[in-house]
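What follows is chain A paired twice: with chain B in the first complex and chain C in the second.
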Partner chain A sequence: MKTVIESGGDTGALAGKTISRMTYAKLGLSAATLIVLLLVPLLGDLAVISLLNQIGIAIIFALAYNLLLGQSGLLSFGHAVYYGVGAFWTIQLMAWISNGAFYVPTPLLPLAGGLGGLVFGFLLGMFCVRRHGTIFALITLAVGELMTALTIMLNNLSGGEEGISAWRQGWLGFTFGSASQVYYLILFWVLLCGALLYGLTRTPFGRLMLAVRDNEERARFIGFNTYRVRLTVFCISGLFAGVAGGLLAVSNELINYEVMSITESGNVLFNTFIGGMTYFSGPIIGAALITTLQLNLSNYTDAWLVYEGILFVLIVMFAPGGIAGIIYVHGPVLRDGLWRLLVRSYGIAAVPAVLLVATGIFLIEFIYHWSSALYAAGAEIPLFGITWSPASVWPWLVMLVGQGVGFYLLLRYAIPSVTAAWQAVNERLNGNEEP
Partner chain B sequence: MELFVLSAINGLIYGMLLFMLSSGLTLIFGIMGVLNFAHASLYMLGAYFAFQIAQFTNFWVGLFVAPVLVGLVGAAIERYLLRRLHKYGHIPELLLTFGLFFLIEEVVKLVWGQPAVPYRVPALLHFTLFRLYNSSFAAYKLFMFVVAVLVFVALFLMLKRTRVGLIVQASIGHPEMVTALGHNVPLVFMGVFGVGAALAGLAGTIMGNFYVTEPSMAYHVGLIIFVIIVVGGLGSVTGAFIASIIIGLMDTLAVAFEYSLSDLLNVFHTQVSMSSPLYDFVHIKISDTAGVLPFLLMLVLLIFRPTGLMGQREV
Partner chain C sequence: MILELKDICKSYGRTEVIRNLHLQVEEGERHAVIGPNGAGKSTMYNLISGRHAPDSGEILLRGENIAGQPPYEIARQGLSRSFQITNIFHRLSVFENIRCALMWPMGYHFSLFKRVSRLRDLNERATQILGQLHLDSRSEVLAGTLTYAEQRALEVGMTIASGAQVILLDEPTAGMSRSETDDTVGLIRMATEGKTLLIVEHDMDVVFNLADRISVLVYGSIIATDTPERIRANAQVQEAYLGKEGAA
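Moving on, here comes the complex of A and B:
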């Protein structure tokens, strides 16, 4: 099975019982997920609900972003601009509504954000998409910086550094006073945007985006105006990023300039790429995983961003398909029952992996404790239930030996074994298809 | 007038320092097509390495050792990371350097902490050289200027007068031809990346103590040197030099101008009322925009002259 994005709806092309069984399995899984998501607020766990709210917003933003990165091959370093514009338009509208200037039902507020994202996507996009590749990345970076600086300077539009706050109004018996009511609002928008964006990948225009990404010259030769295609994609992406920003405004009730900063632009890039930019579900997986880790791990360690950076670099280097890619590549293996071929090599690879990760975490945490202000010279560092003295040779020896042995095992045994196992799997898979 | 002369001198020195950073970046872009997001991170590493070495020994040891260390880091990045991605095109390379930029900043925060470190100008150079219009001119500024000029001359001679420079220049436009002639282009890549990194490290070593050595130093400088190489024309060292001086002067001179659009409107006896949304916009002073002027320059240039000032081809 190929990727969703690259091959659209090719499930119909592959006839057979296994496919229909898998389709049923997928439908069942989706329905079960939806029911679980609908029931979550009944648990009444506020932390979980607010986490899911953030994940939902991150998912819409990442899906919008992937329209550029994954589907059109445009790497933007400033997409938070449209997210931020959406957030500001919505919060401003909320402020006017509280003043009684006019009335919009709360569930429709994200549309205002979407409109903001669309308008700015068109205005700035006209300029940005004249190029692609590296220069597009540079232009979006510069536009992002300009817009952030402008937002800080235009005090009475953006509230300067403090930002703007406004309150949600009730609608039809919903007060939107509790996090769980906001949760249903966000869930509705996530499902709607997800369906629309997925539908877009199945339209002829969705295919055209891929064509422009893969071979612009040829697309132009066939007679398409590739500039217009890119601009349209940019506008749609801005629209959905704006909806995500609008939801952020509705859920946070406070927006300041940071919402369009490079940090946010970097976040959405990380979410999308770590999740997997070549799969429709990649950004969803990435947004859910990274947001969860971000919120939970930052309670345990201040070095969370180091781990995030290492994860990103590893994905860029070794798994360009992201986490979704790693998952999907195993789909046919499971379907054809070939997992036995892989188990042994994965077992071998697990040894250096565990060793490297454990000593790596030890190294990072140790350095963090050692260099932080909490540490007094000569003190001992409690880590993993043992107190370690930085002055002694032991902690350093553990780390160095662990990393050294780990790398040796990885290069000497793990990589050759996994490569050989996959070769065997691929031979079997291709062998099945050829006759 | 006094302010103008002082700003011009400062701008010139700042521009020379920016050139030290952007020359390596533009060479790397010209030859490899890689926009090295992490270039400014290497600049930051130079400052932190020099600080650490100065803690153990003194500034002068750091001045020579830190750039070499940063050069080795740069060469390793090219050899073990970038080279593996080269066949996949420029977007993965750009993503990698962006990831490294992010990671290096976090590692620096982890090791040296969030606040600025006390990296100081050496006592030997810590005096006032002369006074001009009641403003003192630090001797260290002259030192920075001299180092930057030496780098400029050395780089120029190396590129224009040596065989290595000839191969490097040829690799900018025609890497396939250079390979066909039997030169080891991957080695050229690694060498250029290493030397570029070392220059960035040297800039960090001599600028870190005069300005501030802190984890956010990479981001601000990084954006400015991107602008410089685009404005100068990608791959053009001469262009990078001109653009560095322009941006350096612009940066220091803009701060001196306290005018805003409203002053211009006043000339025509027009005013924007306090309640108008445009009020803030017309009251933005030129001095406040110093930070974003380079981006405006870059965007305007990309519209009217996509090749940059001295570039041979469209960027």
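Moving on, here comes the complex of A and C:
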């Protein structure tokens, strides 16, 4: 039996080794996804469309970022610089176009952003990529702070703290006046950038990036100037981050310094890592999920950042492959019908999971409400349709007992059960591989 | 003379590791370097291959001074080395390890617009080399999960894959069993046919079996270079090196 080399990953798929049934399934799935994506605007739900627009931009940015993080092993804390430069170049260009200074068709504007990202990627990359590891991370952090500070200072170019606003112009039959026309523009660029970046992983250079990530020294001894490899990666990543920034400018029509701040740099790192940096699809999953949660949960809770932080910590500690990793690990299990071995243990694990999540949310919300100024006087806290008094012992007792029991069940039953089930699955999987 | 070291010195801090080292390697010969532990064999390799720069002296590759050049420049001039401590791409497949080692020599430098799976010459050559290494059945396995002996074979394979004319091997059979050693020696013999080999090795059977000439490195300088028979008979060498080995 031929082994299926996992899709979209970077362990190196060889041509002609993938089972064709899987290929057809994937093609079918991709086609279906595309059709759904093309039809979404017909629903006419503005909130959904604008959410998808933001997701699309976040996906391009995260994919660009993962060239550094996942594929080259370079942890950058300042990649929003190239995103921001792309956004500023584009918004400036849009302002000039509005003044009639010159003309670029609106659908091509993200290219201007990409050019900005590329130029700055090259100029700043020359310093950043001299070193890798911790030093690289620190330099990117410093460069990021420097560029943010410069952006605020250079009032004439960046519009200071207010930023710059400009209107999109129509092109051919499109006015780009509605969110759905912008949606198609963004969708086009997401598909194009996604295809190009995926293609890059399949080129000799794409494989070389992985080699340099794995063992830079050996790469130098087989003929490669690894500084140039890193610089090239940095430039390409800057280019695509710039395209994402350009799309942001086209979509928002307003850009200020925050676009290149450490918050944005952190965001793209979160998206990429939570999604799964060792898989091509990881950043896509992460960008889609986190952007959706960010926009929706912030309607319900002000403590959203706490949840994001907890999610990040859990992924770092227990699932370094991210959400994509969790999904792909289950791929062979589903295919070989071994999921029966897991169902029971997952059922057991669900009990403490639900308990911990429910009382955890309760705890966070309660403390958050309690500590905010409004409730300082000891007013009642409305949560889950009930009014709770922080002075009473009951809510605290419920939360602490819930957490305690949850952790006990988790450690005593859930973890051993899941571990044993996975051992059984792995034995079966390995048994199948060797005849 | 394809490779010549002239009056090389190298110190790390106050420790002089290489002192006025002279070495001449003829084109097409298999040249072994032996010497007690700490004699400076690995340091000498690091200087030749560009990992470190010598403090003084010249390293001539086909008459051109390569001392202090970065490793990739030296590799591109046709000098390839292996490492005593296995130095492979652990998270890439065995096949990809070899393919990466082939990319620069086969002209795929910064290829951003070609599909690697369609590069027939590259993939066929990699498959062929894996066959020579007897690693063809392990081709899709991650290199980090290979057994020790397999990793050593891959290490040697990556070094010879480039088709370099000058090959430096650093203890290629270290830690191998007798039969694994024999396999590796056979591989080295075949892969270095018509090329120049410089080999550092502790296994005297391998050295006397493989080498056309032997140089003896003691305290950072070469004390003798000669044919295996005469090295065996050399009193100075026996005292400095083989004697110790015999006593142990």
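FYI, the second predicted complex is superposed on the first by the 415 of 435 C-alpha atoms of A that agree within 3 Å, B and C clash if a C-alpha of one lies under 4 Å from a C-alpha of the other, contacts with A are read in each partner's own complex, and residues count from 1 in each chain.
The rule is short, and it goes like this: a residue touches a chain if its C-beta (ideal position, glycine included) is under 8 Å from a C-beta of that chain, and two chains touch if they have at least 3 such contacts.
Here the structure is a predicted model, which is why all the values come from computation and not from measurement.
Peer 1: In the superposed arrangement, does A:202 touch chain B (first), chain C (second), both or neither?
Peer 2: Once the two structures are laid over each other on A, A:202 reaches chain C alone.
Peer 1: Go through the superposed model and pick first if A:155 touches only chain B, second if only chain C, both, or neither.
Peer 2: In the superposed model, A:155 contacts chain B only, not chain C.
Peer 1: Which chain, chain B or chain C, ends up touching more residues of chain A in the combined arrangement?
Peer 2: Touched residues of chain A are more numerous for B.
Peer 1: In the superposed arrangement, does A:343 touch chain B (first), chain C (second), both or neither?
Peer 2: After superposition on chain A, A:343 lies in contact with neither partner.
Peer 1: Could you say whether A:225 touches chain B, chain C, both of them, or neither, answering first, second, both or neither?
Peer 2: After superposing on A, A:225 lies in contact with chain C but is clear of chain B.
Peer 1: Per the contact definition in the header, classify A:214: touching chain B only (first), chain C only (second), both, or neither.
Peer 2: A:214: touches chain C, not chain B.
Peer 1: Is A:367 in contact with chain B, with chain C, with both, or with neither (first, second, both, neither)?
Peer 2: The first partner, chain B, only.
Peer 1: Once the two structures are fitted together, what part of chain A is touched by chain B and by chain C alike?
Peer 2: No residue of chain A touches both chain B and chain C.
Peer 1: Would you mind writing out the residues of chain A in touch with chain C in their complex?
Peer 2: 3, 5, 11-15, 17, 199-200, 202-208, 210-211, 213-215, 217-226, 228-229, 232
Peer 1: Within the complex, which stretch of chain A touches chain B?
Peer 2: Touching chain B from chain A are residues 73, 75, 77, 127, 131, 133-135, 137-139, 141-143, 145-146, 149-150, 153-157, 262, 266, 269, 273, 303, 305-306, 308-310, 312-313, 316-317, 320, 364, 367-368, 371-373.
Peer 1: Help me check something: in the complex, which residues belonging to chain B touch chain A?
Peer 2: Those residues of chain B that touch chain A are 33, 35, 81, 84-85, 88, 90-92, 94-96, 98-100, 102-103, 106-107, 109-113, 219, 223, 226-227, 230, 277, 279-281, 284, 288-289, 291-292, 295-296, 298-299, 302-303, 315.
Peer 1: Report the residues of chain C in contact with chain A in the complex, numbered from low to high.
Peer 2: These residues of chain C touch chain A: 49, 70-72, 75-76, 80-81, 83, 87-93, 95-96, 99-101, 103-105, 108, 110-119, 122, 140, 142, 158, 162.
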